[in-house]
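The next part holds the structures, each set out as structure tokens.
Both of the next two complexes hold chain A, though its partner changes from chain B to chain C.
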Partner chain A sequence: MNQARLTVLVSEGAGRLWLFLVLVFLYLPILVLAVMGLNDSVHYTLPFTFTTRWYEDLASNERLLQASFNSVAVALANTVIATILGTMAALAFARYRFRGRTVLQLLLFPPITIPWLIIGTSMLVLFFWTGIGRGLHAMLLGHVALSLPYVIIVVGARLASIGPDLEEAAASLGATPFQSLVRVQIPVMAPGIVAAALFAFAVSFDQFVISYFLAPPGVSVLPVEIFSAIRKGFTPEVNAISTIMIVISMTALLLFARLSKFGGER
Partner chain B sequence: MSAVDVRNVSKHYGAVTALDRVSLAFPNGSFFALLGPSGSGKTTLLRALAGFVEPDEGMIFIDDQDVAHIPSFRRNIGMVFQNYALFPHMSVFDNVAFGLTVRRLPRAEVRQRVTKILELVRLDGLDRRKPRELSGGQQQRVALARALVTEPRVLLLDEPLGALDKKLRQDMQGELKRIQRTVGITTVFVTHDQEEALTLSDHIAIIDEGRLIQVGEPGDVYDRPHTRFAANFLGDANFLSGSVRDSGIMVDRLGYIATTSPLPAGEATIAVRPERIRLMAPDTATQDNRIEGRVAERVFSGASLTYTVDTDAGPLRVLRQNADGDVIDIGDRVALVWLADHSVVVED
Partner chain C sequence: MRIETRRRWAIAWLTGPAYLWLAVTIFLPLSAMLYFSFQKKGPFGKHASEFSLKHYEAFFTKGYLQDLMWRSLEMGFHVTGLCILIGFPAAYWLARRIRGRWREALFLLIVLPFWSNALVRVFSWTIVLRPDGVLDRAVQSVIPGLPAIDLTDSYPAIIIGLVHSYLPYMILTCFLSLQAIDESLLEAARSLGARSWTILVRIILPLAVPGLAAGSILIFVPVIGSFFEPRLLGGPKGTVIGTVIEEQFTVVSNWPLGGALSFILLAIVLLILAVAAPVLKNHMRTT
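And now, the complex of A and B:
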């Protein structure tokens, strides 16, 4: 074996090792979390003894189940509302020239970078002042506001890669703007819309700060509930519910990655 | 009768004038080329016909109806886009059927008309494919079938052959002409390719800086360009300028050049096509015009050769068919001769 081949092999090996380390860094905490959810010890001590009791306990933990249900409900409602509104806004930005368009487009970005703590505080103040108050409805409102920029940017990127040609082609063939939207633009935008919907779901489902601020006593969502559970003293039930959520969200993501190869690709 | 009639149409984008009071009648059934450099306004004119650009002034008649302010989807036009703009999520059949299904025609009629038009463009059997599974030439045919199936009043083509390679482009030119003749539809197409304009169309409009420069049949526009721009853009030309005398001009250091065109008073410019000049031995007999020079450059392009001859009034280009294979050497003295008929007076 000559020197050059050896160098190539070594650098390939190093590359693989690096990739492996990155994956370990990303997934080891999650793996530990999942494994500890199946360990019998309340205090996370070894040796490992397999049990499903934390999952069984979970079934009777009303608070955690109610919080999970709230989380999923708010996230789904947020996904639907933010995706529809955001797609409409992205279409307007991409296809129409109107006064203030550039300024509005620029204003999309600050909410992504402003700390959630500040946004949460200002929402709390605003909602009190306007009488919207706290509760799941306020949370939903806050989440929609937070998700919109992500949806607009993701769908907008897809629209920019499509260009106005297809819309013009549809119009030249006699399609009304509505027919063109339903039969051409939405199907072609579909991968972008699905990606944006996933973003919107994740933004809401992960959201702690705003949910915490806007949750009245007695109403909770999963991140808030997990936080207060940790403060009171951790039990592996939290590991169990977290594992379930991770499995659900990763399945959704993998499904999307698989499905997005079909349909609207050019 | 004109199928399409553009009257005094202007379009401005801020300080830029894309169309400047353009009036143009497109005869029924004609194959009309809009020819001009990029940025000349030819595409804006086509898009105004399609309804994607709303003119600031003027009227656009399609079959005696002013459509200048009517949206595209109510105009009953067919358009083929430069990149075809096929719907990527639909099969060939659904792409072609689109214009019929948005009009809510019965399913049986849709199937029958799509099948018929796919036969016309020779794509029968490919109706279940997706656009990305087709070659460039096939995509072009789908785009054409889709535009024609609704039996529009006018067919608009935006640089339709620009994306194809040369050989395929020549094949498609023939196809396009055959299909246009079969359907008999008034067709307007935009191109910056002068050869394409000459081979395909029966009418040419030359456009520059938003203005109509010249309109006519290809042969007329080629033989009788009105301006220096028209002579240069459609074909190649040599220009000679001088003061008018009798039926010709006096060119500095060169002498008298005769023409049969009507001349203005004072100064005039004459255009001569490179292929209208004949190269002769220095002492042979003369035609109406005869000047001498020395061959400075020779470009071989297979079927023909282009010589650049240095004369007292500067270099002139001469195109010579490679008919009997005799080649004139660089440095040889030659006589350039041509008929007064081929000296065309142009505006600067």
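And now, the complex of A and C:
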């Protein structure tokens, strides 16, 4: 074997090893978290003894159940509102060239780029001041604001890849604007809309910072409940509920990836 | 004329609801916060509004606030730097050396953890890093007799947790710019006798600058505004400007000071974006 071939083999191996180590780093804590949710020890000590008791305990934990219910309810409402409003705005951007269009598109960046800490505390200030107050309704207001830019971008990307041809064809064949919308445009946009909806669901379901500042005592969503558990002392029950959360949001992303053909040129 | 009016109505109806929502929940709150940061007191009880610069002055006169801001910036540099060191080689390998379905699968595996809750991932590190935890056990079994590893409530723990949270951003943005490099460019360099090292430094790295810059901004900005990661992983040692801002709202109810500190933080973020923008723009144009 000559020198050059050996160098290639070594660097090939090093590159793969590096990627493998990165994946280990990314997944190790998540796996540990999930495994410890199935381990009998309250103090997270080994040896590992399999049990499902922490998952069973969840069923009788009123607080966590209520928080889970709130989380899902807010996330679903958020998904519906953000997807509809966002799709409408994306349609306007795709169809019309108008004055202020660029400005409106630029305005989508502050909600994504300003640290959530600042957005969350600002919402707290305004909502308290104006009497909107804290609570699930306030969280919903905040979650929709954070989801809208993503929905507009994702649906917009789908619309850009379709182009105006289909709509023009429908119009020239005598479809009314409403018929064209319902029979032509919404069906071709559908994968983009579903992908955006999954994205919006995940944004809300995983959102902690905004919810944390807008949660009054006694009303909470899952991440807020988990945060207070971590600070006040916790049992593997928290691992169990965390594992369930991870599975739910990762499933949402996998579906999103399939629908938006994200991450590969298929 | 009628068509023009109809067009205007259509645009207003389509964009109006979304932007009204954003106005009420993002831009009005930020304005309210800005207003209160220049007030003597927060909106509690009955008192006349009174303009005051004292909360901004506090930042410039109290040394510990500046120290904490500096600490947050330092944390941002450490995390961003580590993400580049770890993420760039991984992105390079993924983008240039691995092909087909494998690449797609690995790419998805790398961005997937992003979608698990950030708080939950921080929680998982507290379990991994605790004394007698998984890391401690693993090290002890390889080299027995080593002093126990206890990273609970330490600066390295915060950095590990934050790198874990934001690493996928760097891999993602670097992957996108590395993937776009034309293979024929590298072949040309090779056929002209350039060594791999020269190709990396003179061709690949410069072309990857937009990805590196975008990834760095996406990581640096949220890291300097982070509060629950330092709080949960750093304990008493995890005080940074983010946790101080949080406390103004959740513990001590000094909203004007919290607002002033938030806007100073935001000013620093904007300054960084302003510095980075020309770099990004120039590279977009040349590539």
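Simple rule for what comes next: the second predicted complex is superposed on the first by the 228 of 266 C-alpha atoms of A that agree within 3 Å, B and C clash if a C-alpha of one lies under 4 Å from a C-alpha of the other, contacts with A are read in each partner's own complex, and residues count from 1 in each chain.
Everything that follows uses one rule, which is that a residue touches a chain if its C-beta (ideal position, glycine included) is under 8 Å from a C-beta of that chain, and two chains touch if they have at least 3 such contacts.
These figures come from a predicted structure and were not determined experimentally.
Superposition model on chain A: chain B and chain C are shown accommodated side by side without a clash. When the two structures are aligned on the shared chain, A:A170 is found in touch with chain B, with no touch to chain C. Within the superposed three-chain model, A:G142 lies in touch with chain C and out of touch with chain B [touch as defined at top]. By the touch criterion stated above, A:V184 is placed in contact with chain B alone, chain C being left untouched. Look at A:F98: by the touch rule set out above, it reaches chain C but stays clear of chain B. One of chain B and chain C touches more residues of chain A, and that partner is C. Minimum Cα-Cα distance between chain B and chain C in the superposed model: 8 Å. Under the contact criterion defined above, the residues of chain A that touch both chain B in one complex and chain C in the other are 263-264, 266. Those residues of chain C lying in contact with chain A across their complex are 7-8, 10-11, 13-15, 17-19, 21-22, 24-30, 32-33, 36, 42-43, 86-87, 89-90, 92-94, 97-98, 103-104, 106-121, 123-128, 130, 132-134, 137, 164, 167-168, 171, 221-222, 224-228, 232, 242, 245-246, 248-250, 255, 258-259, 262, 265-266, 269, 273. Of all residues in chain A, only 165-166, 168-177, 179-180, 183-184, 187-188, 190, 263-266 touch chain B in the complex they form.
Contacts from chain B toward chain A in the complex involve residues 50-52, 71-79, 81, 83, 85-89, 98-99, 102-103, 132, 146-147, 150, 156. Residues 12, 15-16, 18-19, 22-23, 25-30, 32-33, 36, 44-46, 85-86, 88-89, 91-93, 96, 98, 104, 107, 110-111, 113-119, 121-129, 141-142, 144-145, 148, 152, 202, 206, 208-209, 212-213, 223, 226-227, 230-231, 238-239, 242, 245-246, 249-250, 252-254, 257, 263-264, 266 of chain A are the ones that touch chain C when the two sit in their complex.
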